[in-house]
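Paired with subunit B in one complex and with subunit C in the other, subunit A is shared by the two complexes that follow.
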Partner chain A sequence: MGKRVGIIGVGQTHHAAKRLDASGVELIAEAVTRALDDAQLTIDDIDAIVVGNMDHFENINYVDTWAVDGLGAYMKPVFKVTTGGTTGTTVAASGYYQAASGLFDVVMAVGWEKNSESDTQAAIATCANPILERDSFAGAIGPLATEYSMYMKAYGATEEDAAIAAARARNNALNNPYAHSRQAVTVEDVMKSPMLSYPIKFLDMCPRSDGSCAVIFASEEKAKQLCPQPAWVHASVVRHDYTHFGDLEWTYMPTLERATERAYKLAGITDPIKEFDMAELYLPASTCAVKWMDSMWFCDRGGAPELVRKGTFHMDGEMPINPSGGVISTNPIGATGLLRVGEAAWQIMGKSGDRQVENVKKALCTGFGGCSWTDVMILGAEMP
Partner chain B sequence: MIYMEKIAIIGVGQTKYEQGKPDTFAELIYEVTAAALEDAGITKDDLDDIVSISSDFWDGRTISSMAICDAIAGYGKDITTVEGDGTFGAVYGLARTLSGKFDVTLVAAHHKGTESNMNAITNTSFDPLVERKLGLDAVSSAALQARRYMSKYGLTQEQFALTSVKNHGNAMRNPLAMLPMDISVEDVMNSRMVADPLKVLDCSPLTDGAAAIILATEEAAKKLTDPAKCVWIKGVGHCSDAYRPGDRDLADTEALKRAANRAYEMAGISDPLSEIDVAEVYDAFSYMEPLWLEGLGICGEGTGCKSTEEGLFNFDGELPVNTSGGRLSANPVQVAGLAELAECVLQLRGEAGEHQVDGAKTALAQGINGMCGQSHCVWVLGK
Partner chain C sequence: MDIYEDKRKRTHTEEGYELLTHSSGEGDYDFGWHCGPYWSRFLAEMRDNKRFLATKCPECGLVFIPPRQVCGKCFAEMNEWVEVGPEGELMGFTVVRFPYIDPNNGQMKQVPYTAIWITLDGCDSRYLHFCNEPDEANLEVGQRLRPVWAEKRTGTIHDVDYFEIIKE
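Showing the complex of A and B:
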């Protein structure tokens, strides 16, 4: 039947543009050690480990075997998962399913990236079909710029709407000691920042960071025994329905609609904005923090700009999004999705410090990656 | 004691293993997905979960699994990707099927060795600051391991060559194998030296191909598939040793022992040599088969070569090993472990044709990740 699973520990590095003080393996060790401390466990309590990143960023093949010292995986079961931008949430899902399977009781999921040692854009470029799409859709910014242009035209959304979301996230990051980019920013600052690819400007876009995150999943009995308030996994769903960028819909995101629809059904969510107390979403640009709100059943298509403008997703709004500062403040790519899950788990555990949202009972997490790959995880304070 | 609910492998599909296949990655995956579905007697609508096994390094493409999501029947389904050997990808498929969230999981892998640069790709598995600079790759590191194995137990190259002779001979019975060959120890010894003591015929070939297996819960298997097609998972274990070759005794198999012991404990196996009827062991190089057989507890420390000489692992021996022809006869890297599992399934169903071992009831498959078998995965399957 499978077991219920709770998150019992989270650890993350202090993320930065360049962590010259630490190698990739040392970044991993930093996150792993902090997760073990957070859960008050030692490495001997971990039954299995799963790790993920994007290969071509650091040019390390077989990362699961390379990272053994940092992971604490010596003489333990370990393998690697990888799905592009969604890698972090893919690692989380793997931790969840392995703990649910009964094969292992306590599973540690680890994501990492050391982007300062990579040519990130060049590595991402090769995800597109080499003959049909690499020239036009290579890299991270182009497709996001295209979709928001089309969304603005379809629904009257504006560049200012994205700037509101950018300023919101960047100011939230001031409360997160782990965030890479922490700066007080106004909507005007965002609008005046250099244009990268119309309509996306510098302060709208995510950075590339060095960092790692580790999240410990435990099966029902172990979670209850080891943790006073686990963050229980209520749903984990993935949809990746497109192989080519040219097949995507551009004014809404079908994979996000389908994945959240399924996850809400599994978790019994009918009115997401009311039922979720907060969300940690993989929004790689502030434009996504407008357009993609339509595709999570928060509003009808085209309704997102109004929600953004009225502050629904601000820290004092109805459903705060990304109290951590989100992806535009911190982006160690293979860890980015896992940070969403880890941050949301801390919110439920009440461990979020200055960025804590009061009384979080249910939280929504997402991951996003190549060709509209969408992961969704729903966490709750109550056992499902 | 680990309790595991019953999970079946209900379908398998493999391409023929060849060099220079003209098919794209997606075409290879489509072929084996369709074949596995047909083998199980189900349609893609019966699948609710997909695990692809894909490597950005071998494919030369970032998010390499993105390119095969349609061919693997991923549309509208839950999907994920493991990077590594097929046996490890299948472990994750098993965990997902056991989680209670999915009924039927397809696991598929593709590989085109002949479009890749094996030396450069496996060189990037080593530490960038130390071992990588020395030019170590899969072959040269394996040569170090072979030497260590020889010096630890006083073994000879001729003894390793016997495994190559045996497995290429087995390949003559398997129409999917790439290198069926009737060769002698002398032929192996006279083949070109690649990395001393490994010669061409001690090494597995670059290979193109794909394989898929379909896992199902007991309930789904009974509902969807002919019982004769169902092979049941009895035990599985995986375990990693230290990263740096210099931190390990390369002739020591502790990680494999732990992986095997876990699988045996789940399967209730106490004497693997007598209880296992057929085994697929990861023979990327000839010396690996006897070394891994020791780690698997099928023979004692340092006795793998002696038992091979005695014919214990021959097709008509006490425990036939690598009846498919093994990796020495076709080695589509990430696919290899799934090909092993597929061979075990065919053996247990009695569908292995010319390479059928009579009355096989329990089968073992073993795969590796990383260089010199750093990480091992062991499966026990039964009727």
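Showing the complex of A and C:
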């Protein structure tokens, strides 16, 4: 089973379309110093570091070497982990595994990206097989748009359902001083925004951001000693799929279904909407905030539109999703998954400022990579 | 938390130096990817015989296009070849309107273009390709499509120019 592990500190940068004021290593240093400050630790207290981004976005490889100073990794054990969109949550899972192993007491997980340094869609397209699939593969948006066309046909979901989720997330970001995109938005604004790739419109879709996040994990004795309210890891599950895009099951997401099923079992969750006080989910487009609800055991297949329409996931709803504003407000890809974990941890610690949900005891976090692997992490205020 | 400085709008350092961006310049960076026996046969059959070949798993019986050596679900080697299509059913589509750089050639993608997921008759996995219909109002999941073969075929997926909607 491993030792029990708690998150004892989180730091993040102010995220933006372009952080001209900081090179990659300086952006990392900003998140790392803030996390150490949050945990009231020095860099000497960190036993191991895991760092992740998608190397080809910046085309300077081996961040584990060139960012050693900003990471605080000098003469420490460092691993680089890079798993596409799930990089941020995989970095979190790695931090957890290393602390749970008993080999390292305090492990810092760092995710970062400077998406402004290149053409993001072109870089993402390199995940597709160049001989057989890359030419028709329309970046991150293509598959997400295509799967929603199927979902609308199968269950009567609408573009407006997605717009409700988009407006919800963007308005939540107004409470998050770190968010990249902060704009008050109505459902009508979303519906009128330019079409990117039918049916996904401009305001439905995530931005590309420069940003970094650092989350500090500690094994149980250290966590209790160092932090008054750690965010304890109750479950960490990873499931992968894909070989060719056409192999995937597109009407629901098997990896998300199986990963959440396993995570809920590990964490003793039987009624997720009731038992989670909030969730920070990796939803790269608002269409995902409709369709993917089906794959997390929130409802039967096709049941998501009803939950979305009646406000289940709004800040004043039964289970707020993405009080931070989520991925469609902030998306530095190597950090995006880690921000889900960091934001949920702060919710449990009571450090979420204007975006605080009341009395958070249990939180659900997911990571997504296209397409379509899933990371799930469940955090709790009590030790598991 | 609100004590941290927000430097997002900075264009100069505190001493007044401009914050610079260094360009990589443009370069050609080429690769030659090996197709292996399965994809080489797949591409050759499209080029020479205008037909789609797929592989079938000996354990689960699923038929996969593009054909490949291993069935992912079963971790079993596939050696049974099956002809599929040429027609099929539209499973999903999107009309891409935002331009971005094509990593294959460094040029901007021509938009709008319609990317499709098509289930060729007799096949289980879906094939990714293009449709010549650029208006989402005329596309519907479930439509039947047929391939339009290129005059000049060279052993790439573009040996099919696009799929077109079969109008009854």
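By our rule, the second predicted complex is superposed on the first by the 382 of 384 C-alpha atoms of A that agree within 3 Å, B and C clash if a C-alpha of one lies under 4 Å from a C-alpha of the other, contacts with A are read in each partner's own complex, and residues count from 1 in each chain.
Going forward, contacts are C-beta pairs under 8 Å (C-beta built on N, C-alpha and C of every residue); 3 or more make two chains touch, one makes a residue touch a chain.
These numbers come from a predicted model, not from an experiment.
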- Query: Between subunit B (first) and subunit C (second), which, if any, makes contact with A:Glu221: first, second, both or neither?
  - Reply: neither
- Using the superposition on chain A described above, determine whether A:Ala123 touches subunit B (first), subunit C (second), both, or neither. both
- Have a look at where A:Lys351 lands relative to subunit B and subunit C in the superposition and call it first, second, both or neither. second
- Query: Which of the two partners, first being subunit B and second being subunit C, lies in contact with A:Asn59: first, second, both, or neither?
  - Reply: both
- Message: Tell me the contact category for A:Thr243 with respect to subunit B and subunit C: first, second, both or neither.
- Response: both
- Item | First, second, both or neither for A:Asp271, with subunit B first and subunit C second | neither
- Message: For A:Glu306, using the defined touch cut-off, is the partner it touches subunit B, subunit C, both, or neither? Pick first, second, both or neither.
- Response: neither
- Message: Going by the contact rule set out at the top, does A:Glu188 touch subunit B (first), subunit C (second), both, or neither?
- Response: neither
- Both subunit B and subunit C contact which residues of subunit A? 59, 123, 125-126, 130, 243
- Query: Which residues of subunit B touch subunit A in the complex?
  - Reply: 2-5, 26, 55-57, 60-63, 65-70, 74-84, 88-89, 91-92, 94-96, 98-101, 121-122, 124-125, 127-128, 236-243, 254-255, 258-259, 369-371, 374-375
- Query: Where on subunit A is subunit C touching in the complex?
  - Reply: 14, 16, 19-22, 34, 38, 59, 119, 121-123, 125-126, 130-139, 141-142, 145-147, 149-150, 153, 177, 194-200, 243-247, 250, 351, 353
- Item | List of subunit C residues in touch with subunit A within their complex | 1-2, 4, 6-8, 10-11, 13, 19, 21, 24, 31, 33, 35, 39, 43, 64-66, 68, 72, 91-98, 100-104, 113, 115-117, 125-130, 136, 140-142, 156-158
- Any idea which subunit A residues touch subunit B in the complex? 1-3, 54-56, 59-69, 73-84, 90, 93-94, 96-98, 100-103, 123-127, 129-130, 236-243, 258, 369-371, 373
